[in-house]
Structures are given as C-alpha cells and as structure tokens.
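Chain nomenclature is as follows: A, B, C, D, E and F, assigned in order of appearance, with residue numbering initiated at 1 for each chain independently.
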Amino acid sequence: MGKLVTFGELMLRLEAPGRLRISQARSYDAVYGGGEANVAVSAANYGMEADFVTKLPENPVADAAIAELRGLGVGTSHIARGGARMGIYFVEHGASQRASSVIYDRAHSSISEAEAADFDWDLIFDGAERFHFTGITPALSPACASICEDACRAAKARGVIVSCDLNYRKKLWSTEEAGRVMSRLMKYVDICIANEEDADKVFGIRADDTDVKTGTISDEGYRQVCRRLTERFGFSTVAVTLRESVNADVNNWSAMMYRGGEFYKSKKYEIHIVDRVGGGDSFSGGLIYADHAGMEPQAALEFAVAASCLKHTIVGDYNRVTKKEVEALASGDGSGRVSR
Amino acid sequence: MGKLVTFGELMLRLEAPGRLRISQARSYDAVYGGGEANVAVSAANYGMEADFVTKLPENPVADAAIAELRGLGVGTSHIARGGARMGIYFVEHGASQRASSVIYDRAHSSISEAEAADFDWDLIFDGAERFHFTGITPALSPACASICEDACRAAKARGVIVSCDLNYRKKLWSTEEAGRVMSRLMKYVDICIANEEDADKVFGIRADDTDVKTGTISDEGYRQVCRRLTERFGFSTVAVTLRESVNADVNNWSAMMYRGGEFYKSKKYEIHIVDRVGGGDSFSGGLIYADHAGMEPQAALEFAVAASCLKHTIVGDYNRVTKKEVEALASGDGSGRVSR
Amino acid sequence: MGKLVTFGELMLRLEAPGRLRISQARSYDAVYGGGEANVAVSAANYGMEADFVTKLPENPVADAAIAELRGLGVGTSHIARGGARMGIYFVEHGASQRASSVIYDRAHSSISEAEAADFDWDLIFDGAERFHFTGITPALSPACASICEDACRAAKARGVIVSCDLNYRKKLWSTEEAGRVMSRLMKYVDICIANEEDADKVFGIRADDTDVKTGTISDEGYRQVCRRLTERFGFSTVAVTLRESVNADVNNWSAMMYRGGEFYKSKKYEIHIVDRVGGGDSFSGGLIYADHAGMEPQAALEFAVAASCLKHTIVGDYNRVTKKEVEALASGDGSGRVSR
Amino acid sequence: MGKLVTFGELMLRLEAPGRLRISQARSYDAVYGGGEANVAVSAANYGMEADFVTKLPENPVADAAIAELRGLGVGTSHIARGGARMGIYFVEHGASQRASSVIYDRAHSSISEAEAADFDWDLIFDGAERFHFTGITPALSPACASICEDACRAAKARGVIVSCDLNYRKKLWSTEEAGRVMSRLMKYVDICIANEEDADKVFGIRADDTDVKTGTISDEGYRQVCRRLTERFGFSTVAVTLRESVNADVNNWSAMMYRGGEFYKSKKYEIHIVDRVGGGDSFSGGLIYADHAGMEPQAALEFAVAASCLKHTIVGDYNRVTKKEVEALASGDGSGRVSR
Amino acid sequence: MGKLVTFGELMLRLEAPGRLRISQARSYDAVYGGGEANVAVSAANYGMEADFVTKLPENPVADAAIAELRGLGVGTSHIARGGARMGIYFVEHGASQRASSVIYDRAHSSISEAEAADFDWDLIFDGAERFHFTGITPALSPACASICEDACRAAKARGVIVSCDLNYRKKLWSTEEAGRVMSRLMKYVDICIANEEDADKVFGIRADDTDVKTGTISDEGYRQVCRRLTERFGFSTVAVTLRESVNADVNNWSAMMYRGGEFYKSKKYEIHIVDRVGGGDSFSGGLIYADHAGMEPQAALEFAVAASCLKHTIVGDYNRVTKKEVEALASGDGSGRVSR
Amino acid sequence: MGKLVTFGELMLRLEAPGRLRISQARSYDAVYGGGEANVAVSAANYGMEADFVTKLPENPVADAAIAELRGLGVGTSHIARGGARMGIYFVEHGASQRASSVIYDRAHSSISEAEAADFDWDLIFDGAERFHFTGITPALSPACASICEDACRAAKARGVIVSCDLNYRKKLWSTEEAGRVMSRLMKYVDICIANEEDADKVFGIRADDTDVKTGTISDEGYRQVCRRLTERFGFSTVAVTLRESVNADVNNWSAMMYRGGEFYKSKKYEIHIVDRVGGGDSFSGGLIYADHAGMEPQAALEFAVAASCLKHTIVGDYNRVTKKEVEALASGDGSGRVSR
C-alpha cells in the first residue's frame, strides 16, 4: 500500500492545566500537533505508511516534537530544519458555558518563512499514493501557498490522490485571500473536507435555506453545498463534518459525504469531551485511511466519524487509537464497558 | 465612577485535589477567598474600583492572600494587620451523589477578634459609592457585628448605597441571634440578596405555599418572600438566587429580582460545575456592577446570573471573567464553541 | 458483633493519570485493592470488625499495602508473607465512547502460589461470624481453589455465614473450569452475589427470555435466574447487581435480591463515575454489613446499592464512606448539596 | 517486651512544595507529626509495641492522621476525640543560606484544651514499660502540664521508665515558666534528652566555658552540663544531640551520652538534608528502643544517632526506617551504594 | 522617598520541570521576569516605591504577568499595551557537570517593536528619584535604544539618578553594536554595574594581567577595570559581581565596588543553587535600595551581595526576600537554622 | 558507518517520586530502560545507526516503550512480540547516608522466556559492524544464554566486533553459573567492560593486593586484573569503570582501559547525582561510539567517561546528551555555566 504524505505546520500547544484559566496558570501542559501532522499520525496508527513534511528550527523543542512523531511511526526524514522558531499556541480549556480559548503566537515560524528550495517534492512523493493538506498551510504565507501548489502539481503529475480540509482560519487571512488562493489549489484536489462554515467563508458557497439568524442548515442544504462544491471544482468526494455544540463539555458529532452523485450520512455521537483539538483532523485521517483501504462509502464515513468521536476522548492533538478500536465503535459498541 | 467597599473575612481554602476525600489527601490545593473579597474581585474585573477591608495576621500566608487581591486590582490599603491567625477551611469536592463537604477552622481569626479601632470608616469610604457585606461578617463575633453597624452607619451618612447578601451560616450562629443582629443592620441596607433559605432562617419570612416536605417554592412564593422582605425592611431591591441541585456535578441556576414593585426573572442555566464556591458572591458582584453601571433591571439580573453561571466554571473563589465574557453569555452564547 | 473474614488477592493497581492512555503515561497513580480486601474495608468503615487474609511477598510495596489496610481498620495479622511478587494491573480510564481498559500482570503472585499450610483457618475464624470470598480467588490456581474449600469447610464447621460474589473472570479460567470448581464450593455458600453475566458464564443458568442479540433480561428473567440458583445450590439469599452502561462516564446502577421466596428491587441511580473499580465489592460489603446488622431485606438492599453508588465517586478500590453517608443517600438525599 | 507510651500533640504540617516560599505556594504538601508521635513511630518500626496518646477533634483530617499512625503500627486506641481543632503549622523549606521557616497555628487545639478526665492513665499504662514526653506537651497549657504530671506519677507508680526530651519552644512559654513546670516534672524522669540550648534555656544550666559570642561549647562543657543535670535531678541517663548547621542543606550531626558516671560520644555524620523535622525525635526513638533492647551504652548511642541521621533523608516527620537499616549505618555503611 | 523607575522587557520563562531536559518535558513551569522587572520587584520588597515600564500585548498571558507584578507591589500603570507578542524563553535546569541551557524566542515582542510614542517619560518620571535599565533593553531594537536614550535624557533633566547593568547578550547584538550604542547611553549613567565579562565585551576594557587561557582576573585587575570605566564615562560608582562556577549546582558569589576613589570588597558566599536566573538583577536591586537608603558603601555592597545570594535560593526571577532577611544574612547568619 | 546491534531486556522502571520511600509512594514515575537498550540510545544520540533486539509482550505498556526507543532513533524492527509480560523494577531514590534500593519483579518476562526461533540473527546483523550485550542477558534464562551464544557466533561469522559489559547480578545467578556461562561467551568478545567487582565475581580474577577489608584496589591492581582478563580470554580491549561512592548524592567517577599492552586512565569527575541508573551503560555506549569513530584510546576513554558523567545528571536510563555536549565536557568545561 503506498504511503500518505502530509504537509503543514507543527506547533507547540501550551495548555493551562485542568480547568484553570490562562491567567491562573503556573505551568503549561505541552503537546505537539497541527492539522497535517495529526492526519499523518492517524494514518500511521491504522497501519498506513505516512510521511509528514514541514520546516522546524534546530532546537531541542523541535527535536522533541519530531522524536514523538517518529515514535508514533510517522516518517520525518523530509522535515526541513532551520529558521527562527516553532509556532506556539496557548489553550485554555473551557467548561460548561465557558468556551475554550486560544491565543496564537505563530507568526515568523520556520514553516511560515520556508522557501520552495526547502522541499524536493519529487523525492518526497517517491512511493506516495496520497497527499493531504489543510487550508491552514497556504494561509501561513504567500511562499507557503506557492509551495503547496508545487506539492499539488507534483502530486498530480505522479497520480497521487490529493485531499484537502478547507479549515478556514480568520486570524490568518481574509475570506477574499482565502477564496483566491484556495480556488487556485482546488483544481488539484480530489477529496474536499469541510465543516459547516468553510465552504461559505472560503468560496461563498452556501445553502439556499440557511437560517440567517441561527446559522442552522437543513440536510438538504448540506447536499446543495456538496453539489455546488463538486460542480465548481470537480471533486470526486466532498465530506462535511457536523458539530453541534451543546456546551463546552458536550458536543454532538456526525458527518455526511457526497460521492458519485450519492449522499451518505453517518451516525451521530453525543460526546463528553476530553480534548476536542484535532477532532476534524482525525476525521480526515480516518476517511483517507478508510478510502485507501477500499471501504465502501458508508463504511468509510462511519469509520471516519467513529475515529473522530474517539479523538475527542484523547488528550493531545494526535488520535492515539487503533484500527480495532475505531471499528468496534463504528460497529456499535459505545457503551464504555471496561475492556478487561 | 465611585468605588465599592466590601468588608468581611478572607480565608485560606485548603482543598483535597481532584475528587479525593479529605481522608485521602496528601496535599491540599490552596486558594484564598471569602464572600466580600469575592464581590470586590468581581467588581474590579468589570472595571469598577473596589476596596476590600478586613483584618489579617502579619505572616506570609496572609501576605500572599493580599498580594493576590492587589494583583487582581482590588485595593488592599485598608486591610488591618495583626491578630493571631487567618481562618482556614478544608474542602472536599463532591461528585455525583456524594456532596462536597467543608470543615471550618475559622475560630479566633484576626478579623473575628478585630476591634472597632482597627478601621477608620471615614477614611475608608472616601470616594466610595457602594458598600457590601454578607451575613457572615456580623456572625463572626459581637465585635464584628458592631463594626458592621459602624460601617453601615458611616456609609449611609455619606450616601453610599449598601448591599447585603444574607448568607445564613448555621455553624456561626443560631437563627435567633442572626435574626436579632441582622434585623438591626437591615435598616441601612438598600439591596438585599438572598437564597431560598436565608429569608426563612434569618427573618422567619417564608412563602405561604412552601411545600413542607420538599422545600420547593413556587414562583409566586418567591414573590411573596420578596414583598415581605421589602415591606419589613424597606429595601429598594431584593434579589433571590435559585439553585436546583441535580447532583454534585450538575446544578440549574437562575435568579429573580423585585424592584419598584416589579418582578424580574432570569434565564436558567444548566451548569456542569467546576467549582461552586463563590457562586452566590459572583451574583452579588455582577448585580452591584450592573446596577452601578446603570443597566435596566432585567439586563442587570441577566448580567448577574450569567456572571455567576460562569463562576461555576472557574477554579477558586474569585470570578476571573471579563465584562465582555459575561455579556456574551448573557446575550445568548452558551454553546462553548472555541474562541480562536 | 462477630467479625468478618475475607480471603483473596490484594493487587497493586497502576493507573494512567487523568484521561491519559497507557501509551501516554509517564507516571502511574498507585492504589491497592482486590475484591475481598475491598469488602473488608467496607465492613470496617461501617464499624464491623474485619480481617483480610492473603499472601504477600516481603517487600516494601506489600508493606505499604498492608499498612494502608491496617490504617483503615482491617485486621492484617493473618496475612501470610513470602512468595515472589504482588499481582499488578495497569488501568487506563476511559471517557465517553472510549472504554476503560485493563492489562493484568498477576501471574505468579504470592497468593496464586500459596499453599494450604500458609493459613490456619481455625485460628483465623476465631471470633468470626461471616466469611466472604469471590470467584476470583479459586480461579487463581488449583491450590487457591483448594484453600478456598478448606476455608469454607472450616467456616461452616463453626457456623460462620458464607457469602460469595461469583465474579467470573475469563482471563483466569474457562467457563468449564469455573463451573466445576465453583459448583463444588457453592454448597458452603449462604449468600450468593452475582451480576447479570455471572450465573450464565459460571453455571449456565440464564433466563428463558434473554434477548440473544442485546443481552437484555427482563425483571422476570432475573427472578428466574435467582430462583434457579437457589434451587440448585440452596442459597438463603441471592443478590444481583444491575449495571447499565450509558457510556464510560455515566452508568445506571441498581440491584435486586431474592430471599425467603420474596423478591426485592432497589432504587436506580444515575452515576457520573469517578472510579468504578470496586463498585461490585462495595455492594457486597454493604449487603454483608446490612444483613449482619439485622436490617430488613429491602433496607439492606437499599443500603448496599447506596453504598456502591457512592463507591463510584471515590478514587481507588476502597469504599471510603461512612455508615451515616450511606444511610443519608439510601434515605433519599442524592442532591449533592454542600454539607457545611 | 513491654510497650512504650508517648503523650503529646499531633499536628498537621502544611509545607510549601519543593523550595517554594510560603508566599508562592498554590498547594501545600500535608503530613502529620509531633514529637511524641514521632517517637512512637520509631519504636514501632523497630518492633516495639507503642501507643500514642493525645486528643484530636472528630473530623476527617484527624481521622486521616490517626489512620496513618495505626497503619504504621502505633496503637491509637487511647486517643481522646473531641475539641475544636487540630494544630497546624506551615513550613517553608530553606535552601543554602536561606533558613527554613515555620508559622505555627496551634492555639486552641483539642489537646491544648484537653482535661484530666480525657485520659485514664491506669488503663493506658497497662502493659507499659516506658513512657516518653517532650517539653512541648506541658507547654501547651496548664492543664496539659498537669496531665503530664498525672501521667508521670502513674508511670512511676507502676515502675515504668520515663524519658523526656526537654525541647524548649520559646513561642509556647517563657524560660521562667518552662523552668518552673519542667523542674516539677523532672523528678519522675529517668532519661533526659536535650540539645545544646535546652538545659540553659529551661534550667539555666550551662557550661563554664561557653563562648558567649558564638555559643560554641567544648566537649568538656557538655560533660559539665550533663553532670549538673544529673546532680540536680538524679537522671540515670542524660543524652545530648549536637547539630552543626553548615547551611540549610548540610548539617553535621552527632550526640553524646552520660550514664553511670561515664561519657560516650558518637560518630559524626555530614548530612545532606531532605527533611530535618523530627530529627531530634528520631534520636529519642532510637535511644529508647536501643536501651529497651539492652544494648550497651556506646552501641545504643550509635544506634540512636544513626537512626536520626537517616531521618534527615526521609520526607515527613516519621522516621520510616527499619532496624536493619539503622544497624547497617551504625556499623559503618554510609556510602549510599544502591541496594539491589 | 522618591520612586524607582525601571524600563525593559518582561518575558515568559518556560522551564522544564525539575532536572528534565527540554527534550523530555511534557509540561513547563511558567514564571515571568526580566532584568528590569526583577530590579523593580527587589526595590518594592525592601519598601521602595517602584514602577516598571514596558510594552506588552493585550492577552491573558501578559495580563497574568502584570497582575503578578502589581501583587508584588510594583507600579504597572505605565505599561503600554499592544503589539504582537510577549517574549518567551525556554530553560533547562542543569545539574553537576551539565550546564543549564536557554532557548530564546523573543524576536518580534511588543517591547522590541515599541515606538517612542508609547511612553511619556515626563509623566513616568513624576516623583522618581532613580532610573534603572540594563544593556538588554537597547539591544532589543534600534527603537528601544532610542527610547532608552529618551528615558535617560528625561531622567537626567529631572535629576534622577541613573543606574545601568551592562549585561551583554551576544545573541542580541555584536560587541561592536553594543559598544557604539552603550557608549552613547553611558553619559547619562551614574552607577554602572557589570560582571567580569561585560566591560571587555561592550567597551573593550580589560585588565592588563587577564590570564588569556583561563579568563581569571586578579583583584588588582578588577580595580583597573573599574578605574578605566570611571575614567572613560565618569561614573560615580562602578560595581562588579564575581561569580565562580564550581558546577551547575554550586557557585561562589561576591562583588566589589569602586566609589570616590575607594575600593570595597564583599564577603564571598558558597551557594547551593535553586534558581540562578535573576541573580545579577537582585544585586542591582539590592545596591539601588541600599544606596537610596543612604547606607555606607561597604554596607551597601554587603546588602546587595547578601540579597543576590538569597536570590539563588528562590524559585523564579523575582527575589522574594524581605529587607530583614537580607540584613540578617549580611550581618552574618548563613547557617540555615530553622526560624521557628 | 555500519550499525550497532544490542540484545537484552527492556524493563519498566517504576520509581517513587522525589525522595519518597516506596512505602510512601502514591504514584510512580515510569521510565523504560535496560543495559543494552541504553547502549543503543547512546550510540543513536551520537549519530550511529543502532538496533535494539529483545522480546516484549503485545500490550500498550510495551508499545510505549518501543515508541520511545524509535523516537530516539533506535531501530526496533527486530523486536519480537509475544510472551506474558514486561519485566518491572521498583526504585527508591536514596539520599545522603540512605542508599537507593531496588525491588526486581522481572521473572517470567517475555525475553526471559524467549526461544531461539524468535530471532533471525543473519537478518538482524545485516549491515552491522558492532554487537553489544551485557552479563544480564545470559543470566535471564538458559535459553537467553543460548540465544546470546547464537548471536555472538553469527556476529563473529560476519566480522562484527563484539563488546560485553560483564555486569554481574547476584539476584539472577550464582557466581558459579555466571562463570561457566560467561566463560563460554567470552571467546567471541573483543571488548570487555567491567566494574571493580565483576571480574572477581564472574571469573575469580582479582588483584594480588586487594585489601580484603575495604575492597580497595590499587591502580596496579586494576592493571593486573586487565592483564589477566586479556590473558585468559584474548580481549583486544579491557575497560574498567571506577565508582567511589561518597554518599547517595555524590560519587566520584573515572575509568581505565587496557589495549595493545598499554594502560590509559581517565580524568575523575565529582558528580552530584540526579539519576545513576544507566551510568555504566552510558560508558559502554560512549566507548563503542568513540572506538567506532576511530578515536585514539585516551580520547575514546575520556569521551566514554565524560558521557557517563553527564548521564548521572539525566533523568531516566537513557543518556540524552549530544556528541557535542560530551566533547565539551571531555575537553574541559565542567563549570556548569549557563549556555545561553
């Protein structure tokens, strides 16, 4: 089975312990993660060969991040080293009516200041069958957008299947910039993954019947969005994750998928959240694996949603679950009975 | 905007970590708090000038308590120093059907043995527009009751608006003593804050239709209580917090208010509790601020309830939230979505 | 009041902190426990004299386990010392849809390699009125099964009431072995305790209308099981605990009992779980105490269920609650209000 | 071998973690201890039967303290329960040139307000051969001094050997009060233990050649002190511990003893300190055990000094070492080689 | 007594816990500090009014840093808010032969991108008698150098005494840049503080007899350096701290001072280090206070050295010691005896 | 450069936190290590390709151990999976005169019950230039001894250089067994590493002038031992580590080496110990690397000793230091100055 390559930023997450506010923190829990690294870890956990590509500074903080990825079975040999710093973000874990909050300190990171010459895509894609990136990577800098395009072009030239999670981040770019850059990249993309806001924010694609006040969309609305995305960009697959935020502790989670003119809808899980960071990425990772493994669309979607349901119970960005655990949940056992 | 003065005891809270019982604790988490200090912190967080008055011993434990308050923007220059000790209480955090429990070790504290000469109320009230105390302060000792009366008298003489949270504590005094002393103080009070039991315990005022078995009271019952309190003591405002304890982890929380012959009722929040100590105080702090800022009664009540809802998600006695956060919740966003 | 003797294995539980997976653990929380020790601690907490009998190696890990038991009021003077090691198990605490999981490392423990000569049952039962063991003990080794039988025989010879929690563990023996050995022991047993699976797995006794697909059993089904157990083995009492696993964080918990031809059914509690290990043992401990104290069947059952409900809120195997706390819950206060 | 009875206060020690100052502490490590309890634990560790007598309030903090003692093998059945509170002290661990510091909050403790009727000395001394107290106990209150005298009188009446560690604490009483009360008690004492200051502070007994400026005393000076103590009170044995404080991390530690007209001097240890609280008590505990076990004076002194040397490496007040470990050090192995 | 103003960067220090390497860290202890803030805290601790001036972003991390300073009694009302980020540095605590190491991530901090208009020096110096900065501040950016000069000029215009710790940092600028900028600033400086390398690195001033191989300098050599600094820049006082690094755990620490043509040399302390960050700043803080309080040169020097000796035993950048504690050490008590 | 293969046991080390005794531990710090894995990590850190071979059970504890090794750059693809358990040992960290102590629980581990068929040495040694094992591996079981011999034979057949650290462990086998088995293996060994006791315990080789009482050996004595080892077994190199245990916190550390008829002696380091486990292995790892890199004997010995000196400052078994750090120490910088 050919390998998966992902490309993006790897950050240091500093999180106030327990339910403390950042203003109360005397220490921070430190984990590493980032959309594309998270997807690579998911794939590696399920037994797929996976390579993560980024640029990181030459210091022990970055060394530790790389060692953890390598320990988790992700290939790290194409990570460029150099530049000034590793992106950081501070997290405060919400509770009940208090939302989690995030302070980004990612400007001037090594990857955001990387250059085309840092990556030899022909070498990187040797043996690859899949390439994945998110909308965060091209948003980091014009150079990153351009490198993303290099990667996409090289991928398509080799017949590598390209997936992209739109992942719009308003702190990184405007909707206009996002629309312009992402539209250019979409022509290389086979599988498009989005949440309920991304298609609107990035491409101005929304359902006719979107309730302006509440933002709620009907199932039919989501189908419209999927069809319109497919019409505009020619995706083979569009997948949409659906998060209902009851409060900071409880979310409902499901997804739908549009492929070959058919719509698929997953089970919905009520999740008591341990750590929701990386929830979307674990869906992408599950879907890429399931598709790669040749699962039928409905089964692939259920695998991806079950995988991301479990991610919400795992500390840290990476979805440290096995294929067997995902399959058990997808096939129905969510009772939480002790496995002795 | 004139400042708020609050007067009461500041204690060291020693809490068994996590869900451990006190009998299992090998360490205690240490925070500082007390009803009136909590109110002062709330007000300071919303941008009001606030001064907290108490008496504390001259030792590093008390120094740390004062430094924290000063760091949070509360004026501490009128805190008297001296006496034997700081009051302590041990807390064991409940879970599910197991209630939290508290062991008080507050006798002989510096404030409970304070004398009138420790406080110069004319100096303290310089520039003040509000004064707040709770029913705990006069319960500490006859001298404290008398000092409270001094403070109330000085406040009224300067036109300072006085608020009081009845806060009946059966470990500190009998209902008879409480009734006698508190009745004497009520003549200075403009805004009376209470929970469902206080009016009954302290003044023997209860609704006609109180269900003797379950203690539940109808809305009309609460209105009666408010009216009777107002009739007896001439309060301008009576506010009542309504806690429904589902279990030790989940409470419903709302409030009502009676002012100018009108009743106001707030939204009700289902709260997954992080730390409920200081919940009532954060209501008082929110109400005092909102009233001081000139909000309409319904808006003020919603602000106070939202503030105290958020307090239940904060570790420690102090309500470390901003005005903006309270307003966001009061105006409807309790979904707990990540604020990136 | 005569004392309770329990006999079984005492293990070291190593648990990944918080919600970390074992693969993420850099430290383990260490507690001690085991079915029969847990029952002894429960009884001691309620004021009953209790002795725990086992064999443990001579090293400081075992010393600490014994010192904790002694501190909790359990007699430890009949614990044999020697052999190679203390059984260990690693626990990973589940969350939401992710189940808790357990890795056993208990082979070759001192108790599993104990010999008959390690225990002088005449001496041990001096002053005893009750003897309790679980189906785990005879499963440890043929010698343990034989020692169990020695103990049962000695108990019956002295008129000691014998209780047994069937507690089938598939990692320790097959259903065939279990059936053979346990049937031999049942003739000494007065009070049989089981969960919904045990009677089926150990004795092949199941309700006629068990739903093959979902495993759900009707109330009438449980009654059948109780009657059949009683018919086959002549128990004076059969008690069955009923756990409904909503997810890894929330379980419903109740029990039923069959005695003197009458069926009793308890209240059902919705529990937000802190630590479910030892939940069944706390039921046994509560039932033994309540029966010993002469409570009526319904009251005894409610005491046992309330006790085990509270256990789910306690960290560690041992049910660190007082008789007063159990009685308060059994008689209706599960609101989790702060006890000040 | 008959048992040891000790009588005194048991306190909760709250210690700022690591090398943090109290003003920086956000949690406190909690241990229990007190001079006489520490001695009882030492004796129990070496295999002597030991009973600790005190009065403690009825709350879970005190329950935990008692459970720990019982777990360590100390008899706790004569501990009176009741009164208001358990004494507390806060500790800040020094480092290098910064001394450790202590804040006492022990006034109004249950033991300091105990009455004669709380203790039935005839019952308590049943089976006893030794009684030990320190100068702290009679300093707690006049009632405590009187109860101490009751105990001494009852002890002597039964032929129990009485030992006392003078342990002068200037925060509890003046040198005058100490001199008056302790002189009265000394007539019952057989073995007197002191450090370099106690004899001077309590009885005004000092060496002729004490260097007024530095407080250093020659060996001959110590001999004089021992002889004068013996002459005045008729002790059978006087033992003096000698601490040289290099800095907060390093102390030298040795002792001398005067018995039957002979002087004995121990080895001196250079100690890298982990926790020096209870260092003196572990000397008393070692000496009482060694004497009771019939060791020769020099051997007994070496045992006591080695025991207390080891105590300085143990976290908490209690000297958690075995007789074998003490003997190994006393007989020469202080190299700290790993014992595999 | 007029106030002290200090100006510089305030950073977040993230430190691997205990003796872990950064590559092993799963969490970081978080403290705040920076040369000039450290000096302000020292002064405030000794009772001097002190104001710290910097620029910090508007986020909760910076809020917490400011709250802590305010809690410690430092004025924070002139801190400009805005800009992108707070400087961060990662620390790994060395041990024995392994040196501590530091990773700086301070580029693009708010202060380094501050502009002249952020600070109104006339307002800031209202009531000031002292101004202090270190060589780090002008090294942050050309704008910072220029703002420093503005501050110095405004200070001199009001007769404020200016002190500067040269503090050369090779990661921030070259020796050439440092020499050029610092020479320009020196004309405003009255009191120059340096360590053994600074004068050489910044101004090329070194002793004639410096041993080229080992870098050791004789006392006479230091005197030469002091004289040459004074001759070139006309300082009223030059103070030099002398650190001898035995290993990462033990340092010897002393200082000398040149004033009015006289040389003063302090005692030397052998320090077992808890945290050496801020050691030099605590010397500056002590010297400024002592000078301001009118101590004689030798006494002032001893106060400053004792203060900085104690700092090495304190966790975090800030020297949390009282004047009384410094005086006790300066006057001779470094024995580390427990202060009860 | 060809790779290094090491073969042995990988264990879980459970260590009581800080300076707590095992009997006080409520949690254990968990690290992984073992003589041969430690050597592989050292080599990988210095840039050598390294493969570690063992057998481990299929569970998440072992998964985590393998992931960590892989993260550190050690090849893990030849680790056999299966068997019952991972060996465990409990550690209590000593202090001052109290020695560290260890409780082994390693019997029945997967590696000790491994069979020849678990390892395909021809495959494993593909590309290898070095093979290393310690005397612990053949001591685990007769099968392990036999597998070791298989490995040695395969290594020699391919011209792989074999090194062995004698590492006698009396808990695993008698001196007689050790002598018999190890003598058989020595014929394959090129480089023999030992401490002062091993040659005597395993082969009965000791210096003529060994002081019977103190065990001290002169330099000439060590030379004799080296010569006799070389004469008997034909080693190309014999290296001896020399540990002087001042106390549990401070050790002196040096080594000597005999090669080609010449003796080499290293510098001696006084080490303040953080964690001494793995100290000897870090010497072996340093020596193998240095020799492989072609350093001269004296330089290689200094590299190995400096590497192991640094190991004593690192938490955990693995020597997490870089080649550059070792070289800096070997070439003289042990001052512990902060590296900024």
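As a working rule, contacts are C-beta pairs under 8 Å (C-beta built on N, C-alpha and C of every residue); 3 or more make two chains touch, one makes a residue touch a chain.
Please read all numbers here as calculations on a predicted model, not as lab measurements.
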| query | Tell me, which chains sit next to both chain A and chain F? | reply | C, E
| note | Chains adjacent to chain B and to chain C under the stated definition are A, D
| chain E reached from chain A - shortest hop count over touching chains | 1
| request: Considering only mean CA positions as chain centres, point out the chain farthest from chain A. | output: D
| Can we say the copies chain B and chain D touch using the same residue numbers, with more than half in common, or are the two sides different? | same
| Which pair in C-D, A-E or B-C has the same interface as A-F, with over half of the contact pairs matching by residue number? | C-D
| said: What rotation angle takes the CA atoms of chain A onto those of chain D? Round to the nearest 5 degrees. | reply: 180
| Rounded Å distance between chain C and chain E, as computed from the means of their C-alpha atoms | 63
| query | Distance-wise, how many Å sit between the C-alpha centres of chain A and chain C, to the nearest whole number? | reply | 45
| field | Where chain E touches two or more other chains at once, by residue number | value | 21, 23-24, 26, 67
| Linking chains that touch, what shape results: line, ring, star, complete or other? | other
| request: All pairs of touching chains, please: list them by chain label. | output: A-B, A-C, A-E, A-F, B-C, B-D, B-E, C-D, C-F, D-E, D-F, E-F
| message | If we count contacts the way the header does, which residues on chain D are in touch with chain E in the complex? | response | 18-21, 23-24, 94-102, 104, 169-171, 245-250, 276
| request: Quick one: which bits of chain E touch chain A in the complex? Just the residue numbers, please. | output: 14, 17, 21-31, 59-61, 63-64, 67, 84-85, 88, 90, 92, 103, 105, 107-108
| request: Write out the stretch or stretches of chain F touching chain A in their complex. | output: 67-73
| task | Flag every residue of chain A that touches chain C in the complex, lowest number first. | result | 269, 271-274, 309-310, 312-316, 320-321, 325, 329, 333-340
